[in-house]
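Would you mind keeping the following structure in view while I ask a few things?
Labels A, B, C, D, E and F are assigned to the chains in the order they are written; within every chain, residues are numbered from 1.
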Amino acid sequence: MRILVANANTTEAITALCAEAARGAAGPGTEIIPATPRFGPEVISSRAENVIAGHALLELLAEHAGQVDGVLLAVSHDTALEAARQLMPCPVVGMTEAACFTACLAGGRFGLVTFGGTETYRERIAQHGLASRLAGLIGIPATPQDAVRDPAGVATRIGGAIAELAGQGADSVVLGGAALAGMAPRLQPEAPVPLLDGMACGVRLLEMLVALRLPKPRLGSFAVPQGRMVGGVSAPLAALLRGG
Amino acid sequence: MRILVANANTTEAITALCAEAARGAAGPGTEIIPATPRFGPEVISSRAENVIAGHALLELLAEHAGQVDGVLLAVSHDTALEAARQLMPCPVVGMTEAACFTACLAGGRFGLVTFGGTETYRERIAQHGLASRLAGLIGIPATPQDAVRDPAGVATRIGGAIAELAGQGADSVVLGGAALAGMAPRLQPEAPVPLLDGMACGVRLLEMLVALRLPKPRLGSFAVPQGRMVGGVSAPLAALLRGG
Amino acid sequence: MRILVANANTTEAITALCAEAARGAAGPGTEIIPATPRFGPEVISSRAENVIAGHALLELLAEHAGQVDGVLLAVSHDTALEAARQLMPCPVVGMTEAACFTACLAGGRFGLVTFGGTETYRERIAQHGLASRLAGLIGIPATPQDAVRDPAGVATRIGGAIAELAGQGADSVVLGGAALAGMAPRLQPEAPVPLLDGMACGVRLLEMLVALRLPKPRLGSFAVPQGRMVGGVSAPLAALLRGG
Amino acid sequence: MRILVANANTTEAITALCAEAARGAAGPGTEIIPATPRFGPEVISSRAENVIAGHALLELLAEHAGQVDGVLLAVSHDTALEAARQLMPCPVVGMTEAACFTACLAGGRFGLVTFGGTETYRERIAQHGLASRLAGLIGIPATPQDAVRDPAGVATRIGGAIAELAGQGADSVVLGGAALAGMAPRLQPEAPVPLLDGMACGVRLLEMLVALRLPKPRLGSFAVPQGRMVGGVSAPLAALLRGG
Amino acid sequence: MRILVANANTTEAITALCAEAARGAAGPGTEIIPATPRFGPEVISSRAENVIAGHALLELLAEHAGQVDGVLLAVSHDTALEAARQLMPCPVVGMTEAACFTACLAGGRFGLVTFGGTETYRERIAQHGLASRLAGLIGIPATPQDAVRDPAGVATRIGGAIAELAGQGADSVVLGGAALAGMAPRLQPEAPVPLLDGMACGVRLLEMLVALRLPKPRLGSFAVPQGRMVGGVSAPLAALLRGG
Amino acid sequence: MRILVANANTTEAITALCAEAARGAAGPGTEIIPATPRFGPEVISSRAENVIAGHALLELLAEHAGQVDGVLLAVSHDTALEAARQLMPCPVVGMTEAACFTACLAGGRFGLVTFGGTETYRERIAQHGLASRLAGLIGIPATPQDAVRDPAGVATRIGGAIAELAGQGADSVVLGGAALAGMAPRLQPEAPVPLLDGMACGVRLLEMLVALRLPKPRLGSFAVPQGRMVGGVSAPLAALLRGG
């Protein structure tokens, strides 16, 4: 099974980090294919960047359409997730979506910890329909760079946030954002509740979806596009939108 | 990997049907172990039966605790799901839960079709936090026996309900109830949207959860019981509740 | 009028405590009949125990079916409430349900204070449809035993929680859990808002429901069971499920 | 116990009808005191009338403050309910509130049938926090006059609506509006689910609240007014608002 | 364009303050007509006063019906808003409604700061359907008199509340209550997010609604009243309710 | 005042149609500047096209940043609205957002009628937080081309949908989609409730927002981007994202 791990920003190091986390969690026989967009934000941290990244991501996916069995979006806001799900002939899962839905299978309510602001996570989780299962969100005032410079200090702060969320009723905590990908093993021993890594959850959910072989819907807003005319996009993306 | 397919009613034929559906969907290396309670309802179709079946199910699970890697509840109302999840040392998934969460990964809103009443499904889906992703519920006024007597007629009615739900905005339809287990392959060709079988979704979700090796929470309402004294239950169940 | 005060755990002292609280609140002519299950948890404090207790409770109720005019569940999570409501030929009310609905008739939002965790209360109140009327939940990190050992200290902590909930917008506070049954008179003088005791509210709500003489629904998921075959339960419970 | 049945419109016949329904349901020892406002709408059927009636109702209540043990608002939109609850030294219940909360104790979801439009009922039920327990609303395109002229025809239409609501998942049906007060006994025999009369439910809920002797909150938005200066109102109402 | 700025309490100084704020924000050609009720509360701070003020307000509006192009309710709880909207032949907007809806056009979630209690604001915002866009509410324990006596001290406390709300995820903050009308310019320079003044937002929204020339609905609960008979109200109000 | 009417698809005729509707509704002194993206879908009718259009739209807006006083998104799904709101130094409003929020100021619940599917509208309205104010959605199975070919026939069908929505409780109906822009005057005479045109509502809301001169938030997820590095976008867009 070939799973595309598609970053939505142009920082190859993040793609590599996410791909590594995915590989560490993948089942035997699952090949992880990392991919990075050709244009767009280096790191998404504004709403406008997220929109641009959505386009860049669809371009990236279109190049791989038909050549992969599933797509895992390695981007914390599940950028362009629904669009990709409609567009691609294979299952698509977002990393935060994956972690949140897995959390629902492991307990009652969940928390989320990330670097920086949390409002866009709150919005995304509400869009996923999971607002009533969210116990709380904590944004650590730190950057990925801080995590590189002072890993122990940052880990301590994340650990504190995890404990606080557990105290607020979270039965598990999602590690939000690509920057936290792969940190679960280091943080888990001290944590009072299970930690959920979006890449690990996502790759396993994709394996599951691929195995189920669900057909695409023929009706509704997730039916594959047909006859759409779109200018200024790559040939593969234009072809997908034209369908046929 | 050993997965217990645990029915919550005492009708072995349903256990067998569900186990077969699970086996058909399971990955290589997954062993399906069917299990039927020693007491309780022949078929659950009242709230009281569901409560009794919950106890019977926990007794059943306790016998297998430590000997299986995951538990799939082969009962449409996800009977005693949260209790089983807290109690057992391994992941536990309910068949309706499994289908509904999978539906969320395959589209926007989903529908559910079943035999008989739908209110208890509506309640269960709301408890799962997915009310905003539910497009509609349709209860076919038929019984499992009707499905045996007149499979084509019943299939036609189910097909009509699926089309109606798709028209109401469902991007996929959950086949609710053990009686519909394994019917997806027959119904899918005519259906405009993907059909979700709880046993198939559940066995694959369990494989995924087992692979993730999430620890049990040490805090909160899903932490394993400790020191609970319970009379009149089997030794294995009493032991699990005592913990230690 | 004969009202069954049915505990769902096997600790007779709790049954007695609850029955006393019910008697203290009952109208003239109301007879309180305490009842304790024959099996199940000594004290419910896990989800699994709550499921087992649900079965034990239905067994207990079945013994009294037709001999009582109403049933008050003396168990904080309104264990098996909906099942009992469907099963029994008379009105059934849960103690937490009773307190929460009464709170709605006495103000805008309410709070709840209890010993231990609060997540299962949050879930139950949401199932009752009252999430938007809940101002907050506070779990005192104490046990019923602490309340016996240091009643003044524990009362002070409960009082603090009540004041905190009032500050969060609660117009009244539910005393959650059988362990707090009967404590309202002692705590009320210092409390800035009315305190609601589930037994007191419940017995009065039952008197009201009995007086209304509402028929049972003949349709839907609360219609009395008919022809249900259930093995391994007592004769009275089996008879109720068979109906006729 | 003295219970004021306070109409909010000036049609004495409606007051009498409601008082009769209340008397028919009241316990022994409960005296029903009917009261009609001195000004305001003859029949409330617009939002503006409802506001005017709110003022008229508070004037009416103030005259009886201290002389009654409870107040039942005999007006379908629970006009000025929260204000009356804050203002009066005794419990206050609205007839629709009473029926809806009773419905919650008798099943899962409920329906409501009334004459005319239903949007304001939908809003009121949502304000009570019960939106998730409402299965549906049906407004019969008829007037109270029609019910007088053609009682059998109107009863047939109401019966049809009740059956339709039961089919939509209502476990009980609220008869909405003073015009339907007292009709439950006639309609119940044909109805598949229990019918709830606001006056009957209300008088019994008040008996229950009076018996509980809950103190008034000393904090928050339901604490009794103190030192409020209000011009152009009657002396009794002004005095209540001044407090002291 | 003539816009009526209608206070719902009888304190002319508040009317003047609100009218001044409205004038400061109004477009060229907009005339602000201040109006104060003839009876009712000096300052609304209880639920009962709000009901009485509703009637007083409708009396006041009726006097101006047909002579103004729009009505801005200069009262923080949007008193009698829906009734006025149905009754008047011109657009009607409430000051808190105006600020909250404007906040939704300027960011994601908003906060609200006011003097005194916040529960009635929470209820009103939920009635407007905006509960999911409310980040938080803070009630400063101060009175309008405090603001006159110690403007700097009170401004500091309001500023602190604004910062706290921004920290909770508010992208803007509504200044709630007539007492804060006109304070935005003074507080804005220090505030990290935009501040919304109900009078400023309201007058501009009214200009917009007047310009759109939407017809009144001919159906439903906002259609103009016809043939309503209401006693004890002024001739203009009675005439409006009679319609024709 | 200069208002940019920004289409998100590349069909100039739609831009012109929308600009004309905006001009027809604009106040004196408001200049409408139509703009069409350089790339992207001819007509958006899939989720993927909406994502691509979001990027194209931001490119388009960036060219006009600093040269316009407000931006009206002439695209039915409010494409990239929140991103544009964060990015641009001036107010930004979406056409569907504008119509829905205006509807809330004109009645209780609203309906929406459009060509084609409605699920993405349902999602967008829920994201705006207005789910509880939505009475219903109807998608006419017609295309914009049908409207050109058979305007009377299509108008009849739209009229039927409007009446149906009014019957479901809608106090007003939003005409959804650019294809219906400008049709309100033709349809209004027959409609029982006011019709809302997104362009008309939007241009007036923008005039209002521009007049209010709200500052941009300095904190949170709508604060202007600073120091964002984005490759492969136009110089103006890159500059806006870099900030400074």
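Simple rule for what comes next: contacts are C-beta pairs under 8 Å (C-beta built on N, C-alpha and C of every residue); 3 or more make two chains touch, one makes a residue touch a chain.
Worth saying up front: this structure is predicted, and the values here are computed from it rather than measured.
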Steps needed, at minimum, to go from chain D to chain F via contacts: 1
Same-residue or different-residue interface between chain A and chain F, half as cut-off: same
Length of the line joining the C-alpha centres of chain B and chain D, rounded to whole Å: 43
Whole-Å gap separating chain C and chain F, where each centre is the average of the chain's CA atoms: 51
Gap in Å, rounded to a whole number, between the CA centres of chain C and chain B: 29
For chain D, residues that touch 2 or more chains besides their own: 82, 85, 108, 119, 123, 126, 131-132, 169, 171, 220-222
All pairs of touching chains, each written as two labels joined by a dash: A-B, A-C, A-E, A-F, B-C, B-D, B-F, C-D, C-E, D-E, D-F, E-F
Partner chain D, residues of chain C touching it in the complex: 25, 27, 82, 85, 91, 93, 97, 101-102, 104-108, 128-133, 166-167, 169-172, 188, 192-194, 196, 200-201, 204-205, 207-209, 211-212, 214-222
Residues of chain D defined as touching chain F within the complex: 118-119, 122-123, 126, 131
Contact footprint of chain A on chain F as seen in their complex: 10, 38-43, 45-52, 54-56, 58, 80, 82-87, 117, 119-120, 123, 126-127, 220-222, 225, 228-233, 237, 240-241
Sites on chain F touched by chain D in the complex: 108-109, 132, 169, 171
